[in-house]
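What follows is a structure written as structure tokens; I'll ask about it next.
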Amino acid sequence: MGESAILETKCLNLWYGQKHALIDISVRIPKNTVTALIGPSGCGKSTLLRCCNRMNDLIDSSRVTGEILFNGNDIHDPRADVYTIREKIGMVFQKPNPFPKSIYDNVAYGPRIHGVSEKKVLDRIVEDSLRGAALWDEVKDRLYEPALALSGGQQQRLCIARCLAVEPEVILMDEPCSALDPIATAKIEDLIIQIAREHTVVIVTHNMQQAARASEYTGFMYLGKLIEFDKTTRIFEDPAEELTENYITGRFG
Amino acid sequence: MTGKSLSGATTVAVAGIFVVLLMAAGCVGGQSSDSSTPQHITVTGSTTVLPIAEKTKEAFEERDASADIMVSGGGSSVGIKAVGEGTADIGMTSRDLKSEEATGYPGLVRHHIADDAILLIVNPENTVDSLTLDEVRGIYNGTYTTWDQVGGPEEQIVVVGRDSASGTREFFSEYVLKKEDFVKTQEEFNSNGGIQQKVSRTPGAIGYVGLGYTGGVKALWLDVGGTAVEPTLENITSKKYPISRPLFMLTNGEPDGLARQYLDFIMSEEGQEIVASVDYIPVQE
Amino acid sequence: MKKEQAALVPFQGFGRLRRPEVRIDPSSAGAKRQLVDRIVGKLLFSVALFAIIAVFFIIVFLLRDGYQIVLETGPWHFLTGQDWNPAGQNPIFGVLPLIVGTLLVMALAMVIAVPLSIGTAVYIAEIAGPGTKAVVKPAVELLAGIPSVVYGFFGLILLTDWIRVAFDQPSGSSWLAGSILLAIMAIPTITSVAEDAIGSVPREFREGSLALGANHWQTIKNVIVPGALSGISAAIILGMGRAIGETMAVLMVTGNAAVIPDPILNVFSPVRTLTGTLGIEMGEVAFGSQHYHALFGVAVVLLIITLAVNSTARLIINRIQRTSRPTPPGWAGAASVPFVRVARAVRDFVRPQTRILHPITAQRFAFSLIALSVISVIAVLGVIIAEIVVNGAGAITWEFLTGSPSDLGRAGGIFPAIVGTLYLVGGALAVAFPLGIATAVYLIEYTADTPLTRGIRAAVDLLNGTPSIVFGLFGFAFLVLFLNFGVSMIAGQITLALMILPTIIRTTEESLRSIPHSLREGSYALGATKWQTIWRVVLPPALPGILTGAILSIGRAAGETAPIMFTAVVFSSRYLPSSLSEPVMALPYHLFILTTSVPGASAQKYGTALVLLLMVLSIYLIAILVRRRCHRAKVM
């Protein structure tokens, strides 16, 4: 774990009202890698993910202590601009959520809200982003058709393209394949590995094989605590904690 | 999803059409009022006086195309208040000023423009043709409840009257009822037309209205000292028919300009002919 | 590993967009963006406060003119006095007969309307085929679009006569006439809300019941209607609200005698309602007199009664919702609780020994009753429209549509009234539309559940329950007299705007709620601000719903008489108004005057009614079409 960390949490605690959802999480996410977060439902992995770009701000009852450092700066700093943070730390959701607009407008949405209005520039961003999400060849002839007409897998790749279009440094993915069939899932997994060449990806997944296939680092969470964080190979072959081993081998609970 | 964006466009279009319609209406309005540079006056108040104001206004405007007289109803109190406060140029009232109004607006000048007779009307099927004032009082205070008590058929009397804020009712109450209370089951309407319509459709009904509201109903003769008097224009003018009251227009101070011209026109021979033509009693021969 | 080496290379970006690397800097573009966002939020917040301010002013101005009468007569005498005789030798102001009249008329109206409406709702939701449904549903909704003064006109001319002859009564103006009329007016409200509720009963309930061998009627009776109970209660309450606040139609048919029926259930007795009292006496009353104050006292009582009805109703709904739907996790489990109960009921019902009628006979019987209720509702619509169209079509000429009235409306046309109505409605919309949308956006997108937002919501509810005549009175006391606008177009526009504001807020809120949360998250996750998200992602798909609400409120505003009769209208005007401070003519008021005050204008009367009807109905038709379009788009 010697390489530079782009995201780092220090003693992160989070409450939803009375519920203590994250307990003393300290983790360093290495730059330009894929990190998987695994653990049973309700263990806090999605919550941790949503903390990293302050999406939890949208939940009124949430309260956070501790630090999350992004490139060394605390994202909860009162002077921090939450919108720039989210621009730099993008997110892809469990269910594809394209806007009810055309494919083109979906991808161009991000650049537009950040002030890009020149048509030529937008065209290039849209094309590059769609290529980056391996969707360009499938949609290049129907960019102005409604995004909701795409299949589920295509929609999810569109959401990834939409995310890439604002050039984030980190992309957080919250079970991005859980609503997709195996073929679409495989495409997304390939895509994740490809994207990680230039971006840092943090992915929450329930799929052990996916974590093993796609990620370099894996964190195992249980009941709001980060039990273990290490190289994926290590976690899957020789975990330090018994809890982790039980979970991975399916002898859980 | 094309359907969705399309429907958005349609709705916007619909809203747009509506706005355009409004604006078009605005243009039409603008044009017609720009065609002459009208002198405005507003006349407001009693609905009883309204027909006189309305008809004389039409005749007046025919002679003077630049005049714009706006007539509205609302009631005597509205008229008094409006002219007193200066929001209208002329007020119309079918009753005299109340003491608080007279002290509140000391500048008001009354113009007695016509008289209004109050007719008792019954359904045409009713066999009763005339009543004495006492009988009328008896009907309205609840002493008589069936028509056979006053020489008619064996039928329940449906007492119909004006609402308690009306000047007509006030006059009727003072003159006929001697301020006794009305029978509580009296049905109330807020207009002469309402009463007329009600009586014309209800066999047992009796009501009181102005002279003009006799279509579809039978106007009763009044038995004065043993002789039945028909409510004709002549009898009313000569006060043989006893129930009539003055109608006024009010101005704040002596009128001038268009208001003066208009009032003069009403008082002129032509104006008073119009008064008679809408079934009121002229005040000048 | 390769990846680790790659990780050491600093991130270069795609190089297309050049933006500052520093993200935590108060002077950056981000700070500006946040500032804009905060300003918009503050702006929306202050607009949202408008509802509270409006309610505050309404209450203050009603009390300001109404408290004196209570001081003079004493609250007890005012409320329980048996006589309302403001013009007597000794004026007496007792509102008990008016309160009793209001409650009786409303109660009987509900007795008539509820079974008919629920029958019709069940028919539309459960029994009708798609073809019939496409006819019946809009027909019922069109009933809602008929202006109340048209109903009053119809009631005065046909209904009271019919009652007098059919029941052999001396007079047809009665409690019964008022109730029938109000029932007709409440039916569309109750039907459409109840139909929504029935339509949203989960399919599984239905299939579960049918799978147990219950027939269609048994399923409706034991599973579907109980399942939709809270929605149906809400529907009844909305209908009650409409009935209690109605003025113009009621005052034309109830006879307005301030008596308590004797015996109390004598439906042929004339009665007088609180709204009717305001409607007939307000125009003529001397300002500042005891009688004037008494009328404001009546308005306060009316407001309190409407409030009481609405809040009791809300309590009942909440209770029903709580008992039928406990909300712990695992909603499937929770849902199965009533279902098990219902299934048991079905079993009991199907079991042979408890049968009174053979199920098939029962179904046939029930369905014919339902058909009967549908037919009577449609027949009423048919009679009203036929009466008006047959008698009014002849009056519609070019001159009638484009000319000014003369001879008290017996001749000439109604052009100024048509334009005046458009002006009033357009102005009301121009005020209420932005205010309403901003308030709804603030309530849905900006706030958590704070005492303040609860206050705003309560204020909106209050406005929604306020009878239109009370708006009229407020407009008169505040705009016309206090602000000294005089009887003017602007006073009418603002009054109407207040009246339609809650409708626009409500429908906008509904539309916004129907936009999935995931879309907002998607936008936030790209770094969009709240306002950017609302403006670009949330509002566009919500627009059709918002517009439908706005169009429906236009229809309502165009047909209303009570709010404008003291604030904005004149009986006749040769020219169109050239400024906002001039009064205007309006179709509903013109019709009201022609009907009640001008004898011998029969053709013009029907003609005006027809034009008003066509205008309002076409507005409703547009709303229905818009909604259908959106519906289709959503299904895609």
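Read from first to last, the chains carry the letters A, B and C; within each, the first residue is number 1.
Just so it is clear, a residue touches a chain if its C-beta (ideal position, glycine included) is under 8 Å from a C-beta of that chain, and two chains touch if they have at least 3 such contacts.
Here the structure is a predicted model, which means the values were calculated and not measured.
Chain centres computed from CA atoms place A at the largest separation from subunit C.
Chain nearest the geometric middle of the protein is C, using mean C-alpha positions. The distance from the centre of subunit B to the centre of subunit C, each centre being the mean of the chain's C-alpha atoms, comes to 34 Å. The mean-CA centres of subunit A and subunit C are about 46 angstrom from one another, to the nearest whole unit. With centres set at the average Cα position, the gap from subunit A to subunit B is 78 Å.
Contact of a single residue of subunit A with at least two other chains is seen at positions 100.
In subunit C, the positions touching at least two other chains are 540-541.
For subunit B, residues that reach two or more other chains under the stated contact definition are 1, 4.
Note for the complex: subunit C touches subunit B at residues 83-89, 156, 160-161, 164, 170-173, 251-252, 255-259, 269-270, 272, 279-289, 291, 406-408, 418-419, 422-423, 426, 484, 486-487, 540-541, 543-544, 547, 550-551, 554, 566, 569-578, 582-583, 593, 595-600, 622, 626, 629-630, 632-634, 636. Interface of subunit B with subunit C (complex): residues 1, 3-4, 6-8, 10-12, 14-15, 18-19, 21-22, 25-26, 28-30, 32-33, 38, 42, 44, 47, 50-51, 54-55, 58, 61, 68-78, 80-82, 85, 87, 98, 100-101, 104, 155-158, 163-167, 169-170, 173, 179-182, 184-194, 196-198, 201-205, 212-213, 215-216. Interface residues of subunit A facing subunit C in the complex, by the touch rule stated above, are 3-4, 30-33, 53, 55, 58, 60, 70, 73, 77, 79-88, 90-93, 95, 97-101, 109-116, 121, 124-125, 128, 159, 162-163, 166-167, 169, 196-199, 216. Per the touch definition, subunit C reaches subunit A in the complex via residues 1, 3-4, 6-9, 11-14, 16-17, 19, 23-26, 28-31, 33-34, 448, 516, 518-529, 532, 536-537, 540-541.
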